[in-house]
Amino acid sequence: MQEPDLSIEISSLKMESPLMLASGILGTSIELLRRVFEDGAGAVVTKSIGYEQRMGYDNPTIVEVYGGYLNAIGLSNPGIKEFYKELSRSKIDDLPLVVSLFGAESSEFSEMISILNELEVKAYELNISCPHVKGFGVEVCQDAKLVEDIIEAVKKETQKPVFVKLSPNLTDIVNAAKLAEDVGADAITVTNTFKAMSIDIETCRPILANKIGGLSGPVIKPIAVRCVYEIYQNVDIPIIGCGGVVDWQDAIEFFLVGATAIQIGTGIAYKGLSVFEKIKQGIKDYLTLKGKSSLRDIVGLAHGF
Amino acid sequence: MVSDKPRIVKVLNVRDESKTVRSLIFEDDICSKARPGQFVMVWIPGVDEIPMSISMTKANGLAGFTVRKVGEASSALFDMEAGSLLGVRGPYGRHFTPIIGDVMIVGAGTGLAPLMPLSEILTQNLSSIHMIIGGKTIDEFVFVDRARAILSKTKSEIIITTEDGSYGTKGLATDAMEPILKEGHIDKIYTCGPELMIKKVLEIAQVFSVPIQASLERIMKCGIGICGSCCIGRYRVCKDGPVFDSPKLEEIIGELGLFKRDHSGRATII
Amino acid sequence: MQEPDLSIEISSLKMESPLMLASGILGTSIELLRRVFEDGAGAVVTKSIGYEQRMGYDNPTIVEVYGGYLNAIGLSNPGIKEFYKELSRSKIDDLPLVVSLFGAESSEFSEMISILNELEVKAYELNISCPHVKGFGVEVCQDAKLVEDIIEAVKKETQKPVFVKLSPNLTDIVNAAKLAEDVGADAITVTNTFKAMSIDIETCRPILANKIGGLSGPVIKPIAVRCVYEIYQNVDIPIIGCGGVVDWQDAIEFFLVGATAIQIGTGIAYKGLSVFEKIKQGIKDYLTLKGKSSLRDIVGLAHGF
Amino acid sequence: MVSDKPRIVKVLNVRDESKTVRSLIFEDDICSKARPGQFVMVWIPGVDEIPMSISMTKANGLAGFTVRKVGEASSALFDMEAGSLLGVRGPYGRHFTPIIGDVMIVGAGTGLAPLMPLSEILTQNLSSIHMIIGGKTIDEFVFVDRARAILSKTKSEIIITTEDGSYGTKGLATDAMEPILKEGHIDKIYTCGPELMIKKVLEIAQVFSVPIQASLERIMKCGIGICGSCCIGRYRVCKDGPVFDSPKLEEIIGELGLFKRDHSGRATII
C-alpha cells in the first residue's frame, strides 16, 4: 500500500504535514524556525510580534504544573521593524512561514502587515487571545467590534491567508469563531492558553513574576478538543487545533473532531523537537491501519455519531 | 522525570570567593547529581530567576553555584545569607564530556564555575590538565586555590594571566595556549568565560585541530528549550547547550562574540 | 504546641474542618453523606437537586483523561419532593449538610427551598454553572439578570447561608462573583467543571454518551486557583475553592489565594474517602511548621506580594 | 495505575450458554488478572456502558463475561459477534476471598458468572464445594457443565433446584441449604443472584452462624466510587462491593431485596 497522504492546504498555504509549530515556541529567530521546519513541522508560526518592542515580563516566566506548563512571557518581541530585519536576513521563500501578530487596534495590525508585505511570508495568524497581557489578549477577543475591525483591516492589507487565534477564556468561543469567519478569516486557530496560576506554598507567593499566566500542555487538551468540535459544527473555514498535543493519539483526536491542521507547543518540552516526526509517523501508521489513504478522510469523523 | 517547578531549598552556607563573587551551597539531591556544565534556573522570590552553572556537587546531596554581583538578581543572590530560601529547577542542558588524556582548560571569572567540577572528574580519570586562568587584574580571581588542590592529584599545571601583569604572566589567557598546543599532546580543550575569549579559544584550537567544548550564555526564560529566548544560530543554549562542541561552535561563529539577543529577542552587539 | 485550629465559619455554617464534599460526589443518599462527614469532611454538599426528577444522561457518563475526569452525569436527581423524603428518613440536625440546587428560573429555586425549609439543612449552594446541561448551567451563569433574580428569590425564602457556585466557562468570573455578592450571596464556590471532550480514536467517537462533559481533577487546579485569586481581590464574602484538590499541598494553594474552605470531588477517585483525613493532617502539619495557630492566618497570604 | 478510560478490545469468541445467555471472550491483560467477583464497565459504543462480572480469566491474557439478554444494552452485547469492538474499564471492586475448607456456593442465573472463577480457585485450594444452583425452570440454567468439570477436582457436589421441578430437586435454591448446613462442616458461603435469594441466604447463614460473601448489583455510572449512584446504605456497590461480607450485609439488611435506586437516584421497590 502507498503511504497515506498527510499534505493539507489551508487557503493558499500548502503543507506537507499537518503539524505546525505553535506561536511563541522557539519562534524568535529565523534559524530556529527553519530548524523546526527541517525537523518535520509542516509550517512554523513565529512568536507574536507587536508594533513596538516589548521586553516581556520578568522571570520566572514559566513554571511546570501537573500535566502542563504555565507561562507569562508577556509578548516579549523586538517590534515589527526589527522583526522585518530578522526575516530579511535570509531567503525564506521555501519556508512555510506564518507570522503571528498582536496589537490593540486594527491600525497596528495593518501597519505591521504593510511592513511585512513584500516578504515571502505565507500566512498571518492574529493573536487576539493572549491570556495574560492586558489590552492585547482576551480583551480584544471579547470585543466583537474590535475583532471585526482588525480582521477587516488585515484582509484589506493582504491577500495572504489570515488565521484568527481564539482564546478559550471566552464563554462562547463558537460565536467568536463565527464572527471571524463572517468577516473573512481563512482559518481559526484554537486554542491559546488558559488563565491560570501556581502558588509556591513554602514562600506563599505566586511563582510567576506576573502572578497569572497561561496554562498549556496535556491538561488543556480535552477543553481544546471540545472547542474544535463545537466550532466545526458552526463554521466552514478550516480549524487549526492547538492545545496539549504530545503524542500522535492526541493529534488524531483533534482531526476526528474536525481540525485540518494541528499546532504543537508545549509538546516540545516533553518530547523535544523529534515530536513532529514521531507524531507524523504515528498518524501514518494509524491511517494505514484504518485503511485510509489520506488524512483528509478522517477529519471530522467524530461528528458522525 | 524531574518537574520544572522550582524546588525550594535553603542556603546552607555562603562562601566568599572574591570581593564580588560568592558561592551558595544548598541541599538538593537532584542538583547534587548534576554533571559539570549543567546549570540551574535559580528563583530569587520577588526578584528574578536566572541561570547559574553548578560549581560544586557533593556525594551527600549538597550542591552549589557561584555568583558574581552584576545586576539586580545576581546582587540579590550575592547578599543572601545562610538560611535564605531559593527556588531551583534543573539541572538543565548538555554537560562537558570529560575524556581521559591530556586536556587544556581555559577560563576566566565565574566562567570557572562549571570548569571546577569538570576538573574534579578529569583528575579522577587521571587526565593531565593544563589550566589557564585569565583575568584583567589580580583582584578578580576566584577558585585558584581550589584549582590547585584539584590539579595536584595528577601531573597538571596552572597558568595565571592578567592583562595588567599584576598576577601571573602579563597578557590574555588565550596567549598562553599556543606554546602548550605546539607540543602537540593536547587532546581536548574546555572553555568558559567571556564570549570573545571563547571565540579566540575556538580559533586557536582550529589552527591546531584540537576539539573544544565551550559553555555559552544567553538570556534564558524557560530553560527547557521552548521559549526561544536563548537562541544562537539554530541552537538553543539551554537545551542544545550550554556546552557546545567545535562543529556547532563553527556553525554559529557568525554570532559568537558578536551579537546576542536582549529580553525582547532583539539582536544587540555584544 | 497546641494543634492548629482548622475550624471555620461561613456565615452561620460552622465547620470543624475546612474540607467539604463537593456537589455531585456521593451526594445521592443521606447515609453516604453522613459517612463522608464521619470520614472527615467538615461539611457535605448534596448532589444538585432540581424541581423535577431527571434520569440524567446515558452511560458512559464518566471517563478518565490525563490528570482528570470528564463527567456528563446530566444532573440526574430524584426531584425535590423525593429528595425531601430522602432527607427526612433520619435525623440530620448534627450533620453540616449543604443542599445543592439547580433550576432554570428563580421560582423553581424558591419553591424547592420552601419545601426543604423545615428540615435542618445548614446551607444552600446554588449550582448555576453545570457545564453540560442546556438551560440549567452556564446559560444561567451568563445571564446577569437571571442570576440576580435567583439569588434574591432564594434569600427571600431562607435565612440560611446561600453559596453561589460559579462556572469557569465564563469570560469574566470576577464580574459574576461581584454580582452574586451584591445581591446577597453569603459565599462563592469556584469552580464547577470545564466543558471538555474525549474521543476514542479506535471507534472515532466521543466517549461520553452526551459527547461533551465537565472536566474535573488536578488538571483544572491552576485555573481554579487563579479564579479564587481574582475573586478574592474583588469580593468580601468568603470563597469556597474547588477544583483538583487531591493533596494537602493543593489545599494550601487555595487557602493562600484566599479560599476560606475547600471542596473535594474527584480527589476521592484518586485517594478514596481517606482523602479528607489525609489532607487535614497535612494542613495541620504545615501550619505547625509555619508556626501558625489557625488556618485563618494563612488565608489570602499570596496577595501580599 | 490503570486508567479509567475504556480500553478498546475485540471480541474473539462468543459462546452460547443458553438461549438468552452468552459469554464474550476478549483479549485484555488487565482483565485477565481480575479476581473473582470483580467487574468491568463494558462500553458498547453508541449504546450504553454497563457493569459485567468477569466470568472467566485465562493465563494467556484472555478474559470473558457472561451476559443475559435483558434490555437494550445487554441485548446489544448478546448480539455481538467475534470481531466486534467493545470498551472495557476496570476490573473494579472488591472480590470474593477464597478460603481453604468446606464451602457452600449458592447461585442462580448469571449470578453464577463470578462464582465460576471463584470455584476454580477454591478447587485449586483443594476446598470442597457444595454448590447449589437454582432456577425457575430447566431452560435457564447456565454453567452447569462447567461447574461439574471444576468441581470434579475435589470432593464436591452440585445440587440443582427448579421451582417447577423440571430439573433437579423441586424448590428454591435456598431450600437446599439447611440439610447441608446442619451437618456443621461449612466454613463459608458464597452467593450471587437475585437479591431476594441473597437475602434468604444471609438469613439462613445467620441461623447457622456461617460467614457469607455476597455479590450485589446496583445501577452504576462511574464504577469508581464517586458518583454515588450505586449506593446501598452507607456503601457503594462499585467500590465497597460488589462483594460484601456478613457484617456489612447485616448493616444494609433494611434495603437488601427491598429497594434500590433508579438512574435518577430515586428509591424504588425491588
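When the chains are written out, they are named A, B, C and D in that same order, and each has its own residue count from 1.
Note that a residue touches a chain if its C-beta (ideal position, glycine included) is under 8 Å from a C-beta of that chain, and two chains touch if they have at least 3 such contacts.
Owing to the predicted nature of the structure, the values given are computational and were not obtained by experimental measurement.
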Minimal step count in the chain contact network, chain A to chain D: 2
Centroid-based (C-alpha) most distant chain relative to chain A: D
Geometric centre distance via CA averages, chain C-chain B, whole Å: 52
Distance from chain D to chain B - Cα centre to Cα centre, in angstrom: 67
Whole-Å gap between the CA centroids of chain C and chain D: 36
Numbers and ranges of chain C residues touching at least 2 other chains: 65, 198, 205, 305
For chain D, residues that touch 2 or more chains besides their own: 46
Contact graph of the chains (line, ring, star, complete, other): line
Interchain contacts, given as pairs of chains that touch: A-B, A-C, C-D
Touching residues (chain side chain C, partner chain D) in the complex: 24-29, 31-32, 34-35, 47, 53-56, 58-65, 69, 71, 73, 76-79, 82, 86, 198, 200, 202-203, 205, 207, 209, 265-266, 268-269, 272
Chain D residues within the chain C interface of the complex: 3-6, 8, 41, 43, 45-46, 48-50, 85, 87, 89, 220-229, 231, 233-234, 236, 239, 261-267
Interface residues, chain C side, partner chain A - complex: 65-68, 70, 138, 142, 169-171, 194-199, 201, 204-206, 211-212, 215, 218-223, 225-226, 229-230, 244, 249, 252-253, 256-257, 286, 298, 301-302, 304-305
